[in-house]
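Presented sequentially are two complexes of subunit A, the first with subunit B as partner and the second with subunit C.
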Partner chain A sequence: MIRERLATAYNWFDERTAVRSLTRKGLYEAVPVRGAWFYTLGSATLILILLQLVTGIFLTMLYVPSVTEAWASLEYLKQHDAFGSIVRGIHLWSAYVLLFVIGLHMVRTFFSGSYKRPRELNWVTGVGLFVLVLGMAITGAFLPWDQAAYWTAVVVTNIPAYTPFIGSFIRALWRGGDFVGPITLVRTFGIHVWLIPAVLFPLIGAHLALLRKHGEHGSYINYRGAYRAREGVDVPPPPKQRPIEPPYPAVPSEEVWAAPLETEDFYPYQTFKDGLVSALLVVVVFILAVAIGAPLEAIADPSTTNYTPVPEWFYLPLDQLLVLVPQQLIPLILVLPAGGVVLMLLLPFIDRGPERNPFERPAVMVPGAFAVLFVVILTLLGSGRLFNQ
Partner chain B sequence: MAPLDRRRLTRRQFALLGTQVAGATVAVLLGIPIIGFLISPLFRRQAVAEATVGDIADVGNRQPKKYVVEFPAGDWSSAKVKAAVYVVKLDDQTKVFSNTCTHMQCPVHWDASLNQFLCPCHGGLYAIDGSNVGGPPPKPLPEYVHRFDGTTLFVENRFTESL
Partner chain C sequence: MSGLLAVVAPILHQLAAQLPAQAPQGKNLVAAQAAIGVGFSIHILIAGLVSGAGELGPAIEFLGYMRQRRRYDRLARALGHFMTLYFSVSSTIAILLITVLLVGFWGHFWSTIATIGWWPFFIEAWTFVLQVSLAYLWYYTWDPLRGFKGLHMAIGGLLAVASFLQVYMIDIIASYMMTPTNPQNPLRLALNPTSYPLTVHRTVGNLAYVGFVFAAFSAFKFLRARDAEDRAYYDWAGSFGILWGVSMTLVQPIVGYSYAKEIQLHTYAAWYKMMFGTLSPVFLWQITLLGLMFIVSLVYFTRRLRTDEATGAGLLSLMTIGMVASTVLAAMPYHLSLTYDSVLAAGLNRPFWDGGLINPLGSMIPWKVLALMGYSLLAIAAVIWYLRGLPGVVWGHARRAEQRLLVVMALLTVMMMVTMGFIRENGRAPFLISGEMTIQGQQNTQTTQPTPQPTSVP
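This part shows the complex of A and B:
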């Protein structure tokens, strides 16, 4: 009786919202069996961003974005609010893990050639998301207004000042004046909680919509050993046909690399793997949040002469460039990262051949590997400063 | 569709134009005040404030001494910000330095063993007279706008040369 009633209600709702077909479309897409564990990196990135959203929303109920109150509101957490401290700890540690996982997600996509036609814009939106996440990390680092935050704010807002002609204009726009001060904190808070998220979340929507449009099988991993995309090689056997029900939208949008050989339903098979990896990461984040927590140093003091500012680890390579680049070449600290982002955006338009095997694409793999190596070396060169205070 | 008459707007063209004008109106009306307030600090002169450093008679020759003063944080804020002042007597002249590195504005300190000002961030080095002697800083150590009343030193919250 109740069950019938519920079914009737559901039908009523479905007639008006098409919820049934939407759910089917969302859950029963065919995803490749091979490489499925690699694909958990994308969903883990999403989960960690959502973790940021949830904890960030509640942090606005704990934190006051003002130079007189910001540090005090967090110091209060430390003294009197253990749960608030955990929320802040989750926000910090999931941000750190997110930066790591989004990097792995990107490296996976790069090496497996998933950015190739017709998925160029998946990659481009992904690069945009990567840059925005870095922007979130760096603006978030300003907010506690302790010594670490203050000197990060000073150095980071000073970097654009080396842009030719309009440098000091950009710096003053961000700082709200010539020096880091009360307006800098409010502006950066606004950028962190509204401006960047207002772009970030719609872009995530676009990234996922494109993923669904082209299907989760752009990567070489799906095809490994089964097929090579070179002239004169036989066309691969057609993908195993699945029953009509549930409907699979996997329309081959390219003659070769059309679909993987073996697929299974997104739900519950891929969601199981995604859920397992994400839950594991969340557990790790929670443990770090409780065991280590988010540090809070002494309150910001511009007059200090015995404090050694240490860069956040995620912009250590850039900060190491600041050490290495001599005064005549300082604009290099802008040119190198900006050039790196431009090259990343252009990657799918430079590497356009159908070949996805990383070992058959030395023209991009070798420079790409060198770029990664360059960043790693800069990080290692600077790493001593993280521990050596 | 009727043949296109270039001299007259069709109904469709009129509607299209109207939609674009409506959209542009909204964008302009929102954009002007938002961009205006964002760039307004660039055109506001920072209110000049003066702070008393104190009597500097006891500062030894070629022995930089650090003082800390407080300035209003500026604009609407009730906050005070602390600023470091290095007073350096060089025989017959007195220099009044900030602790602000000209490279990335990190906090410079006097290192007595090096006999130089050292920036801990990226290794900038300045001689006792503030001139650049090493590392990436592009300009000498900034000096405060200051005045004396006898041996009492007063500094303003601005540098002789903008950074």
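This part shows the complex of A and C:
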């Protein structure tokens, strides 16, 4: 009786919303078997961003973005609200894990050549998301208004000042004057909770829509057999291609890259792997949030003379560069990350050949590998320096 | 025979009478420094190769597996063979150096550093055991584990980790001697200010060094090879070695600069000596040598592509010119005198066009920093262009001149290794441990030895 009524209700709902076909469209997509675990990085990124959103909403219910109340509100959480304290811990640690996972996701996409035609815009939106997540992380670091936050704000808001012609204007606009103060905090809070999310979430939508349009194909790892056949090195077995029919969206761009040799359904195979990796990461975040929590230093004191600022770990490579490079050459050095972002955006339009094998793409792979190597080395050197401050 | 003994015995007896009865503790300082300097240089030149081979070999095997190319496997196996032959040579020299020279000349220093660095030395000893066990296992299971390549590569991976740890442990001691921290805390000891920069510098350096030396070895073998297959293999191995070496070396300007920066922040006297003092001409030679290494590499790249008329040789020539310009900029001395102090003493601290002894173009900031950036960026561009041109190269066609360049490159690398060791060890002088223990008489200038903690009696 109850079952029948529920079925009737579901049919009524489906008739008006087409929920059944939407679910089918969402769950049944052909995804490649080879490299399936690598693809879990994308869904893990999405889950971590959603975790940021949920915990962030909780925090806005208590946090007050003013220089007199910001620190006090978080101190209250720390001292008197165990649940709130854990939520803040999850917000912080999921941001850290998110930066790591989104970085890995980009590296995987880069090395496997997944950004190539027709997925150029997937890559461009992905780069945009990476930059915005970095922006979220750095603006979030200002908000506790403790010593670390204040001095991070001083250093970070000064970086745009090195931009030729308009640098001082941008710094003054962000700071709300010549110095970091109340207006800086309010503006950064606005950027953190409104401006960046307003761009971030539509971009996530676009990224996912493009992913569905072109399918989770395009990576070198999906086509190794086909590649070898083309090179004449190896003769693969006859391809077991799935029929490409709606809702399977793989659009052949070139004969050899039409579809992977072996595919499986998104549900339940890929969703299981995605769920497993995401759940594991969420558990790790929760453990870190409970065991370590989110630190809160003494309230910001611009007049202090004995405080040594320590940068956030994701800021270490740039910080190490700023430490090493003489004052006169800082504008030159800041061109590197800015130029790096521009090059990343242009990558699919520079590397337009059909070749996906990383060993056959030295013109992009070598600079990419060196960029990764330099970031790792600068992080190492920077972390070594932190221990001895 | 008995006649010979009758002649030799009195001479030996006389010689024995001249020798000190006991170890020459703290005496004959110049001889001690020379013997230890030369001994450790020889040790490091072999040990650097062994460590580098332990890291590069497994990486090449993995690369070969990924690319399904047999010659990678052959090169990796050759590196494994080298390790099995030379590990014992390197460790025998090290043991001789410690037990005879260090204990004999600087016994007090050795007992102090062994007490302070007990944990790193303890781990070091075990990483030696691990490294040698894995090296033999990795090399001798090549054929038996042919059907289990994943397992074999995993053994190689462990060997690389053991090789890295072994270098890291000894770097903790070497870096502590330059920038000492609280010796009571093993963690602080391991994280002393120059520990990370030195470890990265040496690890990357060893990887580059083994690439260059194997390129030179391949050059010799290429010149002696008789059949086409061997010529093709050794031509490729030489090219791979120098390409790998340059790819690693181009990271060194930034790592070396970081290392110097930490020395400046924590042992200013040593840094001043290197940059402005008596060691500044040696530092200048070092930075010039780095430029020469890059120039020779770029000339090799250009010539190798030109031999087979592959694309990219023209642009590589232009990059070589850029590299020469960077080297000239880096090689310019700042003070046109042996030390900056002598310029100051003579009251000539002004540009040479004003009658002084200062050359502003030779200053570290910004000119030498720009030259270092030029080294790295041009080398990256050269590596890309060479790789782009490689599909047009036919292995086995190389000329003798290109092989000579590979040998020159290895010699320059050896000179670089010795120069860097000389600068670091002499930068600390007059200390064995910066600010803590002097070379002269091994005097403690501060209490560095851990004091025993009182134990509570129940």
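Rule of thumb we're sticking to: the second predicted complex is superposed on the first by the 357 of 389 C-alpha atoms of A that agree within 3 Å, B and C clash if a C-alpha of one lies under 4 Å from a C-alpha of the other, contacts with A are read in each partner's own complex, and residues count from 1 in each chain.
Quick note on the criterion: a contact is a pair of C-beta atoms (placed from the backbone, for glycine too) under 8 Å apart; a residue touches a chain by one contact, two chains touch by 3 or more.
Keep in mind that this is a model prediction, so the values were computed, not measured.
Chemist: Have a look at where A:13 lands relative to subunit B and subunit C in the superposition and call it first, second, both or neither.
Modeler: neither
Chemist: One more residue to check, A:362. First (subunit B), second (subunit C), both or neither?
Modeler: A:362 contacts subunit C only, not subunit B.
Chemist: Between subunit B and subunit C, whom does A:380 touch in the aligned arrangement: first, second, both, or neither?
Modeler: The answer is second: A:380 touches subunit C but not subunit B.
Chemist: Is A:325 touching the first partner subunit B, the second partner subunit C, both, or neither of them?
Modeler: both
Chemist: Using the touch definition from the top, say if A:176 reaches subunit B (first), subunit C (second), both or neither.
Modeler: first
Chemist: In the superposed arrangement, does A:272 touch subunit B (first), subunit C (second), both or neither?
Modeler: After superposition on chain A, A:272 lies in contact with neither partner.
Chemist: Touch check for A:194: first (subunit B), second (subunit C), both, or neither?
Modeler: Neither partner.
Chemist: Look at the residues of subunit A and decide whether subunit B or subunit C touches more of them.
Modeler: Subunit A has more residues touched by B than by the other partner.
Chemist: Give one of first, second, both or neither to describe whether A:370 is in contact with subunit B, with subunit C, with both, or with none.
Modeler: second
Chemist: Where on subunit A do the contacts with subunit B and the contacts with subunit C coincide?
Modeler: Overlap of subunit B and subunit C footprints on subunit A: residues 323, 325-326.
Chemist: List the residues on subunit A that touch subunit B in their complex, please.
Modeler: Touching subunit B from subunit A are residues 66-68, 151, 154-155, 158-159, 168-169, 172-173, 175-178, 181-183, 301-309, 319, 322-323, 325-327, 330.
Chemist: How about subunit B: which of its residues touch subunit A in the complex?
Modeler: Subunit B reaches subunit A through residues 38-39, 41-42, 44, 46, 66, 68-69, 73-79, 81-84, 99, 103-110, 120-123, 132, 136-138, 162-163.
Chemist: Which residues of subunit A touch subunit C in the complex?
Modeler: 233-234, 320, 323-326, 328-329, 359, 362-363, 366-367, 370, 373-374, 377-378, 380-381, 383-385, 387-388
Chemist: Can you list the subunit C residues touching subunit A in their complex?
Modeler: Residues 66-68, 181, 188, 191-193, 195-197, 200, 247, 250-251, 254-255, 257-258, 261-262, 266, 365-366, 369-370, 380, 383-384, 387-388.
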